[in-house]
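Look at the two complexes coming up: subunit A is in both, with subunit B in one and subunit C in the other.
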Partner chain A sequence: MSTEQITAPGAPSPSGETAARPGPRTGARSGRGPRSMTTRRAISFYVFAGPWMLGFLALTAFPLGYALWLSLTNSDGLSNNSRFVGLDNYREVFSDPETMSSLARTGVFTAITVPLTIAAGLLLAVLVNQPIRARGLFRTLLYLPAVVPPVGAALTFKLIFDRDSGAANGALDALHIDGVSWLMDPYARWVLVSLTVWGAGNVMIISLAGLQDIPRELHEAARIDGANAWQTFTRITLPLLSPVLFFQVITGIIAAVQSFLPLLISLDPTPKGVTAVPEGNYLFMIHVFAQYFANGRYGYASAMLWVLFLIIIAVTFLVFRLSKGAVFYAVDPEPAAKASRPRTIGGK
Partner chain B sequence: MVFPRRSAVYMLLVGALVLFLGPFAWLLDTALKAPSELRVLPIHWWPHHLSLNNFRDALTQIDYLGYARNSLTIATLYAVLVTLASAWAGYGFARLNAPGKRMIFNVLLSTMMLPQILTLIPTYLLFAKLHLTNTYMPWVLWGLSGAPYLIFLFRQFFSNMPKELEEAAIVDGCGQIRIFWRIFLPQSWPVIATSLILSFSWTWGDFVAPALLLDDNHTTLAVKLAYGYVNEHGSPLWNLVAAGAVMYVVPVLALFLIVQRGFVTGVATSGLK
Partner chain C sequence: MPMSTTTSLDRRRFLAASAGTALAATGLSACAGSAGNGTSGSGSGKTTLTVMTVQNEWDKKTLKAAEEALGMHLNVIIWDATKLNAMLAAKNAPDVVRGFGATETPYFAARGLMTDLDPYFAKSSVLKASDLDPVNDVWRYDGKKQGAGPRYGMAKDYSQDSMFWYRTDLFEAAKLDVPSATQPISCDEWLDLGKKLVKRRLGKVKVYGLNATGMGVFPQLMGMTASAGGSLFAEDLATVDFSSPEARKALQWYLDYAKADIGPSVTNPNPDGWDGPTYQANRMAMSCNGYWFGGLIGADAKLAEVSRFAPAPQLGGNRVSSCFGATGFWIPRDAKNKDAAWKFFEWYFAGKPAQERAASGWGIPSLTSLRSKMPQTSAFQKQAFQVQEQELPHFSVLSFTPYAQQAALEGVLTKVLPGAVKSGTSAGKVADTLNSRMNEQLAQGKELVG
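Coming up: the complex of A and B.
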């Protein structure tokens, strides 16, 4: 499958149509009138895009709108006598200390796990890109944890960090240190962080693909110029890899925000057990869940969802802005195709 | 970049392997221990009474095969539908033009960035109102509408196919649907495989959607595993948890090892989009 000449989607102000490959234009050659052909193609396009568009409207846009409407009411999801309360829920989101602290905690969690995962994944990618024996095996084995479904991974970490039978306390005991309750405060957050970083194989594979796209000549030229390994890495590898890493930052943030691992490593991993999540792991989404399913505060919880939605848009936008200049994009091989900023990666 | 010393590379890699594979070892270790070995100090690093009883008990303590069947049904249903629907939409975005296409494509790209959790709860409320909870309909509907990421994968693949394929067919009087079905789809098996594998493993691993939409009898293995193995006092039976998790994870790992290429291409491509 061709992975080159693929363009970066989802820019915040996507001038979107990815470069240079509009589908075939009107089939003026086919002998029929070009106009009727164009119309038929347009109809065909909507026939093909239609199911997705309907799905998007019904299962994405409508639910978001429904949540927006709920967020302006005091709905509890059950009784029908909910009433319009204006922006009260939003005011409460910003004045409720518990909500604000869960939001801050989510920010800290993201700020720790995203760079850590990317750094670990990048280091592994560089290592398994070296000319060593059995590197295919190393790649496969290091990627394995990333394939494990979240529930499987969470249960595995619960076993390791169990107070009585876990390996973590077993190791401490061997060192004559008293074991601790890892799955409780204040340790639970570190279990969560390590569980998240355990999946760094994803970053490794994606970065590895990026590393392999870097022309060998660049490294050789650098070596001839007397650059040492570190200089080559920071001056050549990192800049050329930056679009890939940048993409990892965005997807990492999105994944961190919607992580349900805090619930899965808590003592009662059911939607109703969200209130049992230790405070250190009580992230924003867990709080949203608690409001919906433990407290039945649908209106308030919907307002929280919408605040999160806006924050994610803002953060994504901010990251895009900050990365301008820091992220290096190869020059578009077909500059005539787009007047906008070239976004083609790895075009050859 | 070449590391100054190769032995340093091996040392780092072996260290990483210990950290990354250690958890698997402990999972298997716990699954093979007798229950009595769990609460001893110093802990048993290796099972002293090796037995497969935990696996047998894990299958009977909960209706393991029943839940596995639920997972399998949902995952297969979703994977097949979403792959077809995504190929269908991807063809439109790759090969056809229409007014408004650009805007629609931009919407598609931005939904790829949208955390699904945002829409999941309101969608659940919607499904609950329509009495679709405890059915597989939500997955059918999700499947039929395609997944933005997979649509994008198919679009990329179809965009790179030569124009002549289509033009010849048009001259022969083929409609777009036939062109898609007879010419483009059969050529795209690498993407189809990637799409099936990715969507199957997403659904097999998903926790939140089934936890919300399905009750205890209809739910998937992932959900039941997370809380199902407890004794009469509600404390977890770690041996059974371990054995159950092994049986849940191993098929996924096996699938990965068999079709590594599909997995890795899909994931790696996602970084280069």
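Coming up: the complex of A and C.
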């Protein structure tokens, strides 16, 4: 056994030098152990984080900053006569009835689709978690809509719900019921909600993973204690699944407020077609797109995007605050994070 | 000694370096874009010409033939309004861009984004101004109106877009006389025919009687207002006026048309997106599309047999039959290869492709010297040609505003009209709403253009 191996960290070595902390031998031998180790770890960290960092700066931070600058001008992206307008665009965002109603519509759309999608996905996850025959096939079939590209899904819905040649009205026709203009107001919003909820397979697959992570012993113990299926689900399954559901609520809200699906189920997904989106489906992002590319109001549209960005941050923060006490972590993330946090990162 | 002072790589330095690299990368990407479009873009030393156009006109065979004929490498970018805006804003413009001369020329020209092609026309031995069809005037803008001033582009072919095609079999089935081939019918007669030709079942339209707006609602209203002797735009093109008697008459006609639910409209758009498949499938009796639509019809002998062409219906006594497309190409001000782009112009607008287009029936050639090549073999082609020949003298340029894009004005119409149709709002009130909303947009554009 070598001297290095029996010397306690920090204690004087037989040679009179202070021993290095346990670690790679090369570092200890060179006499620059802690520094080399830290530097190496720092280098690895930055080598791995670097590409993301570059991407973040070039593709997120720079565009965000550029959009912020644009939002303070009346630029149309093409003319040389644009000027600084201060906060005028932001004032207009909050005073323009069309923008406010598109924002409110987006809020309603989010409030409807997020709970519906999560409930549908969770229900499907519970169903395909049962020991039934052909379970794998059901899982695949139910997950399939989630992997269909949104453009394809939107096209399918468009064909199904077309007033004059769609299958939905074909079914009504067979029952001698008058056809409905599904893709126009007031029905268009419900077609959009259906299209969104149709993609609940994503929620299902994540919830299924969460369900399978719950120890079976807990369910068995509950059953022995006399709990029925509903009690087991509400007292054991849901609390243990709550971190997974919470994650889906957050990502669901962010996806819903940024939804672009209305444009895909319109007849012409271009700047010209965006103006033909029915009012019921005229969500905030559609309005932003129209302002940019149909109306050429780059400054105003950039201000709208910044407002949306701030709203998303505020809503996320609010949901985090409201979820305290409703989300149960098997391991307390705070102490766990503290315990696992390295004492030195990047040489500090 | 604290580690942070001895470690060669600390957080601050790393972040600073990352930011620097990211900014450099952003800058370099712009340079790379420019270099890619430069004259020495290909390794062979050939010029690389960046052409932004639609995919269905540029298959591999066409591209290869173009490269051989021009002796240059073509970098074809699929036309996309958002991409074009981004490229123009970044001053990384394509060399040649496809566009709609009738509605886009004032917008881009007023912003100084187009190249004045007059010097090129002056020295060209292939494209001579004297050979240009009058429709090419929609590609001119003098700062105040369209149809005069420098030429900024050229149409590849065109149509008078308020004319219409009809199916004789559906007229026969409805026991109706077919429209005259020489005298235009009135818009009211047109609407009546549509009402008689529509076929419904349980609230659904099985066969559309009429599609009245092939190129969009706004251009159609422009054309109808002009035929009634008025104009939607004020003389300075900075405002619209839907309240004038002529414009209100046109608006009322459209509200009646949409309410009658006899064809695609703002309240019930055509799921096919355009008339082609619907007309082919015997689900539309009359389609408001110009001569170009005959290219589609002529490709199907059975369809051609039952299809005929008619002059543009008129709302008033001022016979007007305009063009709202004049699709062609223009050269951006920031294009890197303007001489090569002009070479492309000469080949595309006067060379083999132009002759083939003229003979195909997919539009009237934009050079008068090519007009004789228009197809006149079958009865269908002869009838279409004769009707078209009689319609040509009634062409006139209707100026479009430089202060807003057509999409912005269409957007207002599609937001305001559906509610008005449902609620039965009077044309006068609708006109007031349209004036207020469109003029607000036009004012914003005017402030930027100056």
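Here, the second predicted complex is superposed on the first by the 283 of 348 C-alpha atoms of A that agree within 3 Å, B and C clash if a C-alpha of one lies under 4 Å from a C-alpha of the other, contacts with A are read in each partner's own complex, and residues count from 1 in each chain.
The working rule: a residue touches a chain if its C-beta (ideal position, glycine included) is under 8 Å from a C-beta of that chain, and two chains touch if they have at least 3 such contacts.
This is a predicted model, so every value here is computed, not measured.
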item	value
Which superposed partner A:D173 touches (first subunit B, second subunit C, both, neither)	both
First (subunit B), second (subunit C), both or neither touched by A:E279	second
Which superposed partner A:A221 touches (first subunit B, second subunit C, both, neither)	neither
Which superposed partner A:M53 touches (first subunit B, second subunit C, both, neither)	both
First, second, both or neither for A:V108, with subunit B first and subunit C second	neither
Subunit B or subunit C, by number of subunit A residues touched	B
Partner chain(s) touched by A:F62 [first = subunit B, second = subunit C, both, neither]	both
A:A326 touches, of subunit B and subunit C: first, second, both or neither?	neither
Partner chain(s) touched by A:I132 [first = subunit B, second = subunit C, both, neither]	first
Partner chain in contact with A:I205 - subunit B first, subunit C second, else both or neither	first
Subunit B and subunit C footprints on subunit A, overlapping residues	38, 42-43, 46, 53-54, 58, 62, 77, 158-159, 162, 164-165, 169, 173, 268, 270-271, 292, 298, 345-346
Subunit A residues touching subunit C - in the complex, by the definition given at the top	34-35, 38-39, 42-43, 46, 50, 53-54, 57-58, 61-62, 74-82, 158-159, 162-166, 169, 172-173, 176-181, 183-185, 267-268, 270-272, 274-276, 278-279, 290, 292-298, 344-348
Subunit A-touching residues of subunit B, taken from the complex the two chains share	1-4, 6, 9-10, 12-13, 16-17, 20-24, 26-27, 30, 38-39, 41-43, 45, 85-86, 88-89, 91-99, 101-102, 104-119, 121-123, 125-126, 141-142, 144-146, 148, 151-152, 156-157, 159-160, 163, 166-167, 170-171, 175-177, 180, 190-191, 194, 201, 204-205, 207-208, 211-212, 222-223, 225-227, 236, 238, 241-242, 245, 248-249, 252-253, 256-257, 260, 263-265, 267-273
Touching residues (chain side subunit C, partner subunit A) in the complex	3-4, 6-11, 14-15, 18-19, 21-23, 25-26, 81-82, 85-86, 88-89, 108, 111-113, 201-206, 216, 266-271, 273, 283, 404-408, 410-412, 414-415, 418-419, 441, 444-445, 447-450
Contacting residues of subunit A [partner subunit B, same complex]	1-10, 14, 16-17, 21-27, 29-30, 38, 41-49, 51-56, 58-60, 62-64, 66-67, 70, 77, 123-124, 126-128, 130-132, 138, 140-145, 147-160, 162, 164-165, 167, 169-170, 173-174, 198, 201-202, 205-210, 213, 219, 229, 232-233, 237, 244, 247-248, 250-251, 254, 257-258, 260, 264, 268-271, 273, 285, 288-289, 292, 298, 301-302, 305, 308-309, 312, 316, 345-346
